[in-house]
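Below are the structure tokens for one structure; questions will follow.
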Amino acid sequence: MHTYQIVVLVPYVSALVLAAIPGYRVGSIVNVLASAVTFAAGLWLIGDERTVGPYAIVDEFNIVFIAINTLVGFTTSIFSASYIGHEIETGRLPPSFVRFYHAMFQAMMGSMNIALVANNIGLIWVGLELATLITVVMVGLYRTPQSIEAAWKYFILASVGISLAFFGTILIYLAGQPALGEGVPAMTWSLLQGAAAKMDPAILDLAFIFLLIGYGTKIGLAPLHAWLPDAHAEGPTPISAVLSGLLLNVALYALLRFKMLIAGQPAALNPGPVMIVMGLVSLIFAAFMLYQRRDIKRLFAYSSIEHMGLMVFAFGMGGPLANFAGLLHMAMHSLTKSGIFFAVGHIAQAKGTQRIAEITGLSDTHPRLAVAFALAVLAISGMPPFGVFASEFLILTTTFAREPWLALLPAFGLLVGFGALLMRLQGTILGAPTGPTHRVDASSVPMVLHLALVLAAGIFLPAILVAWFQRAAELLG
Amino acid sequence: MIRGYELSHLLAGVMLVTSFALLYQERIASVINTFAAQSVTLALAVAWAAFSQDRSELFITALIALCLKGIVIPVALHRTVVRLGIHREVEKVVGVGIALMVGLALTGLAQALLLKVTQGTASHAREELALALAIILLGFLMMILRRNAVTQVVGFMSMENGLILAATGARGMPLVVEVSVAFSVLIALFVFAVFVFRIRERFDTIDIEALDRMRGDAR
Amino acid sequence: MSADLAKQFLAQGVQMFLVLLIAPLAVGVVRRVKARLMRRQGAPLLQGYRDLAKLLRKESVLAENASWLFRAAPCLIFALTWVAAALVPSFASGLMFNWAADVVALVALLGAARALLALAGMDVGTGFGGIGSSREMMIATLAEPAMMLIVLTLAIAAGTTRLAGVADFFIAEPLAVRVSLALSLVALIIVALAENARIPVDNPVTHLELTMVHEAMILEYSGRHLALVEAASYLKLVLYLSLLICLFAPFGMAPATAGIGGWIVGLLAWTAKLLTGAALLGVWEVSIAKMRVFRLPDFLGIAFIFGFLAILLAFLTRGAVQ
Amino acid sequence: MFVQGGALGALAVVAALAAVSGRRFLLAVVYPVTALAAIALGVVDLAIWLGGGGFAAVLPIGLPTIGLHLRLDQLSAFFGVVINGGVLAASLYGMGLDRAKELTPRVEPLFPLFAAAMNLVLIADDAYAFLFSWELMSLTSWAMVVAHHTNAENRRAGHLYLVMAAIGTTALLFAFGGLAGPAGGYAFDTIRTQAPTPLIAALVLATALVGCGSKGGLIPLHAWLPLAHPAAPSHVSALMSGVMTKVAIYGFVRIAFDLLGPPAWWWSLPPIVLGAITAVLGLLYAVFDRDLKRVLAYSTVENVGVIFVALGLALAFRANGQPAAAAVAMAAALLHILNHSWFKSLLFLGAGAVLHVTGRRDLEGMGGLIHRMPRTAVFFLVGALSISALPPLNGFVSEWLLFQSVIAAPALPQSALNFAAPAIGAMLALAAALAAACFVRVYGVAFLGRPRSVEAARAHEVPLVQQIAMGGLALLCILGGLLGALLTGALAPVLKGLVGSELPNAGTGPTPFSLIAFDASRSNYDAVVIALFVAIASVAALLVVHRLSARRTRRGPAWDCGFPDPSPAIQYSASSFSQPLRRVYGAVVFSARETVVMPPPGDLQPARFSVALIDYIWTTLYIAPWRALLRLSERLNALQFLTIRRYLVLMFAALVILLSIAAVTI
């Protein structure tokens, strides 16, 4: 039994178990334990041998994603253990939902892990769609009109995305069919990649468009992003953290797998320019949207769009340095953004609201939370000593060195976004506090842990991680 | 067998025509009926593919298409429409003429795209793929040209029909995929139903425009 | 060598006392010429000396809240102006310490004196002191750019900013007077008028509130303090006249190598030129009216434009020469 | 190297301790520790600056695969002396802060971090380390700017500051990106071996100018500076203004003179032109402002402009193969950097003292402080005269060198630079005269005259340690002025490294204190001789006057043309002092308009006088884009409120557009 099977199976098994555990306390402990086991397996996977099977693949590229995925899943489970307890106490969630919530959480993690380890392009699709559908349900968990509307919007847009991505998958199969024959081989990613040079470039181009639109919807690229802010804002905060930190990554992962495939056929159009354009549109658009946000979670949801745009831009630029930077940025964004959502969860509990205007003067009332939140927001804004600074440094410098004028656009978007984030940050932590303050129940361990990791990455990235990112970047071509 | 793929082309063509018919319909009841016709055609096409490609598992797909999309869902939708009392509502964004012109343009686009594909072993799938792509695009077009949730659902399922057509046209595509399509359609319908139900319960309408009130960042 | 050094030292010493001695006389000449031209008898030529002596003898009245700055300023202003005046070659270019400050430093020394005077004007906290100080500083902002342009022109022409060097250059090449230098001369005259608070920039004899500049700043001074401030202003007049003479009419000046004979010639020539300059100033002051304060930018603007034109012409002639 | 590491480590540790505990005791410990660290760092820097040597190290942290490159060469060491001198003074001042009232966990933990970040910028030897510490420097200072967070002005200042800092950092990112090349040779050693193409070189220069200029306050990127510097606690303002701007200049020097390779002559134009405009405009802003600390901040803008002019000239001379002239200009720049760090720190500390005892920053509420704060008044006077470039103080030395290099500019072969020379000279002279006016105004209104408010009347002297901080800087200003020639001589190793030459005839003057720019026959300035002369002359004058005069002194009411008014309101105020300048310059530059509302006879209402200035740079380059941004974001925000169907339309459009593009291009 290979470790990747643990990574996939443990969540599903524990989902079944959790569906049977009615108690909140036991359920959350089991949830944390299961996530811990998955995380341990994810870590083990790094040192484990690489494997390529008909249905599963473990290579340098996806272990990066798996490690992050299981890590954030683990920390989120810790966070949600305390967070959901608070939600039940305050009556936002009926206790009966806890079973459902925990089971769904694990099923979602398992589905994402399927998408990540799958060597079959159909399986990638299945995993991603399962995860999407589960999050749809999670977003609607509060059953408020707003959350239902958000879930509905998410559902419709995601379903259309599903369909388009599926059509793209069919096209890839058709392209691989002449070289690999009918059946499973023509859907096996590793075989497809080997045969890429023999595939019909026109079909590959067409397929990539559908995959870009389809998976791009999941990534949250503008103008396909519409579901993302609402889904983040209306769902439970742990789910927002997972959405931003993980699901977007998994979708990006799927897209990148196909990009690698198409890079193997020189006659196909270069997907770079399209990715650059879509990345930039998302980046700049989201940056502008940040100014008008009044809900703190929606604010950071747009910030996720912005950063996914930056990553897609970096991967669109391509080359070892930009790919490395893109992967690093993805990892840093995952950790930081989920950390921010943890902090936002604390703030929302402390102030009893998500409305930015009603959150002021946190540095007076909750100094430690304010410091953590400020550090997290500054980290995501690309300030040292955090890891996002390193990735943005690499992206911008390498872009400027290659295309000086093009580099102005991402820089513009990032600066516009920074202006908004800083404005909101100052508004929330500074000034005279207003409104009531409440006790904060949620655990601050995950938040601090994420910040510490991002901080460490900004100062020192271990050589093993670097080598790992570099090999993954090479695979991306 | 020599003319085998011509039959499948014919069926796919019929499906395309029904797609246009969907765009053309003014009453919800006829939209649902047209969709049922399309689904039945799909079932036939899939069955023919199963026969001609000698892949018996595809009969299951055909059966699903026939039962679920050809019968169960149309019936359910009819009931919903009657229960909601919206069977006479026609809420289109643009006129039929324009919708049809756009539809034609999309079909042309699909043909133009697929014609670029080189003549290879996959070529016999080429025309079918073009038709499937056109059906998908038309389904999408229908989703954006109707304001009514039921017609949107129909549009979405029409897209799914196109997808399945494409999937069966791709020779030897593993069964797992068809199952997953059916599965996703099932879930889709399930969740759709949940939401349609809830939305009606909460907003007393299934007109999506009414969700305006609930738009994101309430001020 | 040591004889040379001794000679330079002597020249420096003579210069220091010479400027101090002649300053009240120069002012006396200006006043006298003005008076005569206005058909007045006028004060005697030596009135300046008498004024100073009288002021020294009188008691000094300090405002109750005057600070140490107010008391220290006159002495420093006097010393700064005196040193500056002593560094402008007058009768001989071989001054002991002429290298200690070039034109740039010289202007800055006067700037220091001006800043101290303006501060002193603010010290007591009266309206008039403030008027004087603020206007004085404003005028300086107009005069200094023009002065800088003049310095640049000279530097381009003579290749040095040392006054002795410029003087030597013009003594050696009297034909070097070109159009650009003539323009500079006009500019420098205007700057000198502004710096010395002469008509049309300021009226040294007025006590009309709204037109005072220099007088407003020193309004609170009396007795020995006033004597020092007045002496400083006399010295400044001599300084600028010397500067004009040294730069544009150096003939007769004893070069560094000259002996005592050359000195005497230089001394006589300089005194004559200085007094002529003073007389011309008197004529000028009679023949023109005081300007409103806010017309001054126009007046000093002329200096600036002339200074700029001078440089451009200097470029052109240099280009022609090359 | 161990000293550096130890000192920086100590700073980090004390910051962490203070941050975590937040106890008053630990907060107070921050300053002595920072002072000691600054001394240690400064001594090492001084030794390396004067004696050569230095160190280089590569640590296995920092940017992945590149590592953390550190190097302390003579240029860094020189700037290190500048910075640690300022840090030392500010720390001394901080030791005098009121432990109960003035220490806060919002400032004290960040102070040593700020100092450490500035030192790190100097020893950074790769692009990542450089920008990392650069941005850390911005971040820590931002946190201190918003320390008094309940004031909305401070929050706005902080926002503008950090956004401008981010813009600057982005520009520098580009600069280093261009220098490093697509292969990512981020280490400075690698960069030095690569020759950028002319286009890249031009872009690097432009972005470096934007990046360093925005941090240094080069107009039009200056707007944050007069808001942010004063918002911080005064000793932090002193660091930001006196020292952090120097780090910005260090960045430009490092890039333009070291990393970018041999210059082209036209590189000099942007820094010269922008610098000259900055010098003049900076002071025009300063002279119309009524806030003491803001005036000082604007004056910083001016001085940065002056330094950039000098750097530009150095570039021009260097590009034309005139290393001696380049050395003069560069010496002017470096010396002015040192001098400005001294007198600007001094002035900010003085302003802090005034602010502390009066609680006011508004000049209109001050007056007569020379009586209540005699020592501070002396120190501030030294600073004010120094910054006005008056001999024999230090400001004049660098100003004099700069004028000498301007005078040498007409000898350059490029006519653009020839014609620029007189304009630059005139603008610098104008700036010098305006500086004098500005500081006469500040000193005259704040320290002289009579108190304009109760607080000013009740002012008292600050604690001894703060006096020591100011006194030390004042002493440096005086010594720097007298021994300017020696200081300039000490710059020789740094100059050689930067422009390949030292001052050609340094040390050949008649006395060791003679400052000689080119050669002795051309220009010369000897501060010691002049100071001696002035001293002798004053003593002589005093002796003579005392011998001859009545020596009687009487105190009486002010004369004031016979109409003395006891009310302090009758004094010339800061606004009225600037009125002549406003009429002359303000009307042109700021469209200054004065309105007088005179009630009709019999009406008992007071007459009202108001002045309106329009800051065109602020309105066009800051407010207008900001409004445009908000408007655009409002427009785009409509996209947040679409129906699902419309979102599907967007998606459909994206798909169809991509498909159409594919149909055309496949």
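Letters are used for the chains, namely A, B, C and D, taken in the order the chains are written, and counting of residues starts over at 1 for each.
Assume a residue touches a chain if its C-beta (ideal position, glycine included) is under 8 Å from a C-beta of that chain, and two chains touch if they have at least 3 such contacts.
These numbers were taken from a predicted model, which means no experiment stands behind them.
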Chain closest to the assembly centre - both centres taken as Cα means: D
Going by C-alpha centroids, which chain is farthest from subunit A? Tell me that one. C
Counting C-beta pairs in contact, which chain pair ranks first? C-D
Distance between the CA centroids of subunit C and subunit D (whole Å) is 35
With chain centres taken as the means of their Cα atoms, state the distance from subunit A to subunit C in Å. 77
Cα centroid separation, subunit B vs subunit D, in Å, comes to 68
For the pair subunit A and subunit D, the C-alpha centroid-to-centroid distance in angstrom is 43
Can you list the residues of subunit B that touch 2 or more other chains? 113, 116, 140, 143, 152, 211, 215-217
What positions in subunit A touch 2 or more of the other chains? 152, 156, 160, 164, 202, 206, 229, 292
Give the residues of subunit C touching no fewer than two other chains, as numbers and ranges. none
Listed by label, touching pairs are A-B, A-D, B-D, C-D
Report the residues of subunit C in contact with subunit D in the complex, numbered from low to high. 53, 56-69, 75-76, 78-80, 82-83, 86, 97, 99-102, 104-105, 108-109, 111-112, 114-115, 118-119, 121-131, 133-135, 137-138, 140-149, 151-152, 155-156, 159-162, 165, 207, 209, 219-220, 222-224, 227-228, 293-294, 296-297, 304, 307-308, 311-312, 314-315, 318
Can you name the residues of subunit A that touch subunit D in the complex? 152-153, 156-157, 160-161, 164, 201-202, 205-206, 209-210, 212-213, 217, 223-224, 226-227, 229, 269, 274, 285, 288-292, 319, 321, 324, 328, 361, 363, 367, 378, 381, 383-385, 389-390, 392-394, 396-402, 404, 407, 411, 414-416, 418-419, 422-423, 426, 430-432, 458-461, 463, 465-466, 469-470
For the complex, give me every residue of subunit D touching subunit B. 637, 640-645, 648-649, 652, 655-656, 659-660, 662-663, 666
Touching residues (chain side subunit B, partner subunit A) in the complex: 113-114, 116-118, 120-122, 125, 129, 132-133, 136, 140, 143, 152, 156, 159-160, 162-163, 166-167, 170-174, 176-177, 180-181, 184, 187-188, 191-192, 195, 198-199, 202-203, 211, 214-219
Okay, in this complex, where on subunit D does subunit C touch? 367-368, 370-371, 381, 385, 388-391, 396, 399-400, 403-404, 406-407, 410, 418-419, 421-422, 425-430, 432-434, 436-437, 439-441, 443-445, 448-450, 509-510, 514, 520-526, 529-530, 533-535, 537-538, 541-542, 545, 548-561, 564-565, 568, 570-573, 576-581, 583-585
